[in-house]
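So, here come the structures, one by one.
The two complexes that follow have chain A in common; it is paired with chain B in the first and with chain C in the second.
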Partner chain A sequence: MVPHAPASLLVRNGALSVRLADEVARFSLRLAPADTGQAAAAFGGPLPARIGAMSQSNGRTALQLGPDEWQILAPPGDVDALSAAFAALPVPHSLVDISHREVGIVVEGAAATLALRSAIAFDLEAMAVGTGCRTLFDKAQILLIREAADRFRIEVWRSFADHVWGLLRAASREIDLDL
Partner chain B sequence: MLLIRCPYCEAERPEVEFVYAGEAHITRPTNPSALSDEAWKDHLFTRTNPRGRHFERWRHLHGCGRFFNAVRDTVSDRFALTYKAGLPRPTDAEIEAANAPAAQTPATNAPAAQNQEARS
Partner chain C sequence: MTSFRIPGKGRLTAAAPVHFTFDGQPFQGVAGDSLASALLANGVHLVGRSFKYHRPRGILSAGSEEPNALVSTDRGQGRFEPNTRATMLELYDGLAATSQNRWPSLRRDVGAVNDALYMLFSAGFYYKTFMWPKSFWTKVYEPFIRNAAGLGPAPVAVDPDVYASRFAHCDLLVVGGGPAGLAAALAAGRSGASVILCDEQAELGGSLLSETDAGIDGRSGWGWLDETRAALAALPNVTLLPRTTAIGYYHQNFLGLCQRLTDHLTVVPDGAPRERLWKVRAKRVVLAQGSIEKPLVFAGNDRPGVMLAGAARAYLNRYGVAVGRRVAIVTTHDSAWLAAFDLARAGVAVAAIVDARGTVPAGLVARAEALRIPTRIGWTVTDTAGRLRVESVRINPVAADGTVGAGQTLACDALLMSGGWTPSVHLFSHTKGSLRWQEDRQMFTPGETVEDGCPVGACAGRFGLAAALEDGAEAGRAAVAALGFTAEATAHRVTDETPLTGTSLRELPTDRDPSRIKAFVDFQNDVMAKDIRLAVREGFQSIEHIKRYTTTGMATDQGKISNINGLAIAADALKRPAPAVGLTTFRPPYTPTTFGAFAGYNRGDLFEVTRKTPIDGWAEAQGAVFEPVSLWRRAWYFPQAGEDMHAAVARECAAVRSSLGMFDASTLGKIEIVGPDAAEFMNRMYTNAWTKLAPGRCRYGLMLGEDGFIRDDGVIGRLAHDRFHVTTTTGGAARVLAMMEDYLQTEWPDLKVWLTSTTEQWAVIALQGPNARKLIEPLVEGIDLADSAFPHMAVAEGRICGVPTRLFRVSFTGELGFEINVPARHGRAVWEALHEAGQRFGITPYGTETMHVLRAEKGYIIVGQDTDGTLTPDDSGLGWAVGKTKPDFVGKRSLTRPDMLVPHRKQLVGLLTEDPQTVLEEGAQIVLDPNQPLPMKMVGHVTSSYWSAALGRSIALAVVEGGRARQGETVHVPMPDRVHRATVTGTVFFDPDNTRLSA
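Now for the complex of A and B:
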């Protein structure tokens, strides 16, 4: 996991909790937009059709990142079933298991947007619940998903995770001390 | 920080997510061998470098990853319009329309372009 990270960061007044997310399986899916209809059978439900949109099915979540790019998060035990389903897909595509490339960090609480704003340059208040995007956290590329009004999930490459965690720890400390 | 509208994400995103990628609408000669050294040099190295309105390529590197085109003023740094790769160079009228105060549907929502790094 993140080398120097404790299990979680908790701000005293309960306004913010930062913790590592449970293990998940992750896949990068590349597919022609015209073929998403056929891919829905492999995914187990419709894929999102707009960049930033998400869809869920059988515990699997798909987030559209680009015109022909999706990231899929799934339960760890689902790797073989999901891989097999896409292997049977007759249209050209690429499905790559990137489960161990990234770690998930959950940022939750009334001060979640305040903490994230310390290193994210766009308007987080305007981000709709149930959407996600690739962006930068300080200088590290992340995926940001807004799971609820006050809960965000960061997906970040392992080599950048310590950096992101350190910045979140600093932001948490400032929020804790009401600076 | 500048906000740049990505025509694929259909959203205003911060400048740090993007990289600049040179002048747009430069067509590669179909038969470079037929060109004189002078003409080939011009294709490779000579750009318009205007003071004012510039048609240029950008890439939403830390976002959807796509190349697209933009109309930017090189003096004020103001983006007048962004549009998908492969679409023709917008006319003055289209650029003015996109910047009229009431403009709600800029040409960025124009019909689908090919998903390729086309320059025309």
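Now for the complex of A and C:
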């Protein structure tokens, strides 16, 4: 999905792997915080109730990004079912399909944090596993999700993905050279 | 050349030989040498010429404060660097260094004539000399100054190196790897806290690397150093960064560190970054920067071979290099005596220790006698001699009343000086922490701090090894204890340390006229003591003014060597205490830093984000020429073989008007506005009325700022009662969304409506031309494309080429047109399918230039090109887009301000040149009478101007004062070739009745 990019970047000793994530369906869900209880039925489980927190059900993941904002990741075949479920939701809300707006990049390995530190200013060590946030990667806005201690997922608007990929390539080279 | 390296001495005894050249001459050093130590090992002191007088200069120091020994290096392939400090340049095999500021050679330099012409070049020389006549400025003075200015030559090739950067967060950052910093890192590191320790040298150890007398904890100093470094390296929570200079200390404990990664390597791995800028946010900081030795001010103190005593001690004890065969010492501080003792024990003849103080600690005198070193206590140095290297010094006794007696000549090949030590308060000063002047010690020490940072050891004015270790350990403990760690301040026992005392003399006593001697204060900028006194006599009182008038402290060393001496002399001349004269401000970076380090990854392809559409790759393969539009690159035109831009655009325009063109409009900003209050929100944000717009229909939307001026526009489709698909200009997408969010969150939080950027969700293919419907009819499912069912300004959801689409029937060309939105990952496939299927209509891809021409033929404006932030809807001829009965919208009230209603406002009009072949310049000014006297009154300017193939002539849009009332009048457009006549017209040049839109 990233034009001109190889499918993955690998560092010799296995300390780092950077690859494009499998395609997923993505939605931006906007809704008053008081209405999250009703939205749980449409989502298929409780929505996270703290900014940065995530919840999963039926293969769907919801990440709370703001007081009234969630990003939902779901299997690609789930678009119609999820849209229909929310269409029936009786409270005011906005569900917008942004499946194609973004590209997922998985950064994994013992050096994952080190690679990300080339372009992310906040303290990644302090980021809990199973949380996510909107942040800056150099000049590109991204979502950063810590899926495991040594695995992160970047969600980035597609036209910014080349820039993110290029920086990760540069960081990979430093890690490969152990410099 | 005889080697000055002493076998068995120093830390590099087992090191491998390294070959290098200086000014083309081959030399040999050893691994671990700096260029300075390697040159000294070969007996080379003369390394450069000074900035102004071209005086021969040698190596003054052994550290990053070096003002004299600046060289150029060339690593090949454009890797040229001027002004590298030889004291910081690590030797590598094949290093080629050259001296600077000399012609034709370092030993015979024509520019040295300046030295004899001192009276022409004294303080304020530029201000006094280059005054008049005015005409001389550009032709004589400026070329002269430009030629004379600067040190080494600026590099001309593009830097081929890559640079890295890294963010880091830690509990404690320790700046400086000397004894104080090591003790701090050890105490903190053992608590488990995360610690970063950085030091600008290749090897951690600081002053311990040059110290051989004292023992620590029952071991030798070096033994303790080895153990401590190993202990720190074994702690996983401690990061050791040698070759890393802390260049700046910013707000809230944010520090910049520049790490040199590969400059010291003979073979650099392919693609390895040269330097890395660390951006560190530390919870606590310990500053252990140490101190810098002060030169003494006396005649001839800049002659090669005259150097700081501490530097000579470092060259001897660390590098095993004697700086001379017969060395003299002049000092006001005990530390220089230690250098003399070390040299004498290493077998170097010490000509004499000349101490300008009246009394010296008895223990030192006894040790000197034991080593048979002659001492001259209460003596002064009044001159040095030697053409390119010191050969002798003139020493004189000073009586108790200050009378300077007759001079004697003392032969030597090196003169070591020490005026005491200045705490390095640079980083502390970056934080705007206050400094305290200590009159008795003639130094500034850190006072109140404004950051969570703590200066320790010599940089806090607490000198000596034992004090440094104690201070550092306690600061390390306290820093992490404050963060909740359990830490201990390990006590370190120091043995055989000589307590050091000293006094400060601003200038050594002399028997000569002080206004005639050349006693240097700022070596790099060639500022002498008499220059500072002259500045004071000429009326300068603040050190900041004296600095700028004399240039003292303005060199690349930022006054590290010269500031305190300069201040003391200025204070004396002004008869004021030093704090009243002031200290110049230290600013980042601490030492000169490469532009590359600051740029980091952001060069070449990564200089800035280049946004590309899903169809970009296809356009590139077709040979499209691109243009940047905000961060996007867009296909500008698609030249075929042999076509220039003019021909390509003419062909593309003709294809759209006659059959069919296709255009990548994916960059258009898109915002999905959803919620029960969506229409109300639209009513407030846009000038138009939205309530009655039916789902499935589109409307042109116009957005104003609060000031009533046009901010953005775009076609907006209503997909459902509670859902709008908004488009914005390409460059305005982020700005419009931010403005909408701002109003929504701060003015109307009660509205139940949400905004989502969908710019990149959709790829957009514009099909324009009379055959547009014929092309897509067989490809579209679920939408009746008949004109009656799907008229101009309709929108519907369905499928095209098998994928979902939001299909808009809109036109930015005046032709029958569709804008096909498909999910971005399908964009290129749909584009290619349409291109294939469109071959029977001669489908022609076109770029932004053709788009601009076609819309201009129809008088459709482009916000930002035909508007400039001062045009109202009415000015632009868009009054029809304002919902006049709406109670309010952003900008409504401003539209009724009196000056918004006057008739002579600039209004958008068309212009047709008298000569149809003339294409006016965009931006050209417009006047009513070309014969009026200068300066002419300009009544407007050309905003858009093109050759129109459809009309067979040029067309232009312009804003003209009261333009709509001037229809048919002639205006004049001065251009570089001549003044052109043009007729004011309406803005629609082609198909004014819009018959083609509904074809």
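Convention: the second predicted complex is superposed on the first by the 179 of 179 C-alpha atoms of A that agree within 3 Å, B and C clash if a C-alpha of one lies under 4 Å from a C-alpha of the other, contacts with A are read in each partner's own complex, and residues count from 1 in each chain.
In the analysis below, a residue touches a chain if its C-beta (ideal position, glycine included) is under 8 Å from a C-beta of that chain, and two chains touch if they have at least 3 such contacts.
What you see is a predicted model, and the numbers here were worked out from it, not measured in a lab.
Peer 1: Of the partners chain B and chain C, which touch A:97 in the superposed model: first, second, both, neither?
Peer 2: A:97 sits against chain C, while chain B stays out of touch.
Peer 1: State whether A:65 touches chain B only (first), chain C only (second), both chains, or neither.
Peer 2: Only chain B; A:65 stays clear of chain C.
Peer 1: Just to be sure I read the superposition right, which of the two partners does A:121 touch: chain B = first, chain C = second, or both, or neither?
Peer 2: Touch partners of A:121: chain B and chain C.
Peer 1: May I ask you to decide whether A:174 touches chain B, chain C, both, or neither, giving the answer as first, second, both or neither?
Peer 2: The answer is second: A:174 touches chain C but not chain B.
Peer 1: So in the superposed three-chain picture, is A:19 touching just chain B, just chain C, both, or none of them (first/second/both/neither)?
Peer 2: In the superposition, A:19 contacts neither chain B nor chain C.
Peer 1: Determine, under the contact definition given at the top, whether A:160 touches first (chain B), second (chain C), both, or neither.
Peer 2: Second partner only.
Peer 1: Between chain B and chain C, which makes contact with more of the residues in chain A?
Peer 2: Between chain B and chain C, C touches the greater number of residues in chain A.
Peer 1: Determine, under the contact definition given at the top, whether A:52 touches first (chain B), second (chain C), both, or neither.
Peer 2: The first partner, chain B, only.
Peer 1: In the superposed arrangement, does A:151 touch chain B (first), chain C (second), both or neither?
Peer 2: neither
Peer 1: Where on chain A do the contacts from chain B and from chain C line up?
Peer 2: After superposing on chain A, chain A residues 68, 121-122 contact both chain B and chain C.
Peer 1: Quick one: in the complex, what on chain B touches chain A?
Peer 2: Result: residues 1, 3, 8-17, 62-66, 115 of chain B touch chain A.
Peer 1: Touching residues of chain A toward chain B in the complex: what are they?
Peer 2: Spelled out, the residues of chain A in touch with chain B are 33, 50-52, 65-69, 121-122, 133-136, 141.
Peer 1: What does chain A use to touch chain C in their complex?
Peer 2: Answer in residue numbers: 1, 3, 23, 28, 30, 32, 68, 92-102, 114, 117-123, 125-126, 138-140, 157-160, 162-163, 166-167, 170-171, 173-174, 177, 179.
Peer 1: Could you list, by residue number, the parts of chain C that touch chain A in their complex?
Peer 2: Interface residues on chain C, with respect to chain A: 162, 164-169, 261-262, 269, 271-273, 276, 279, 281, 601-602, 605-606, 608-614, 616-617, 631-632, 672, 674-676, 752-754, 756-762, 823-826.
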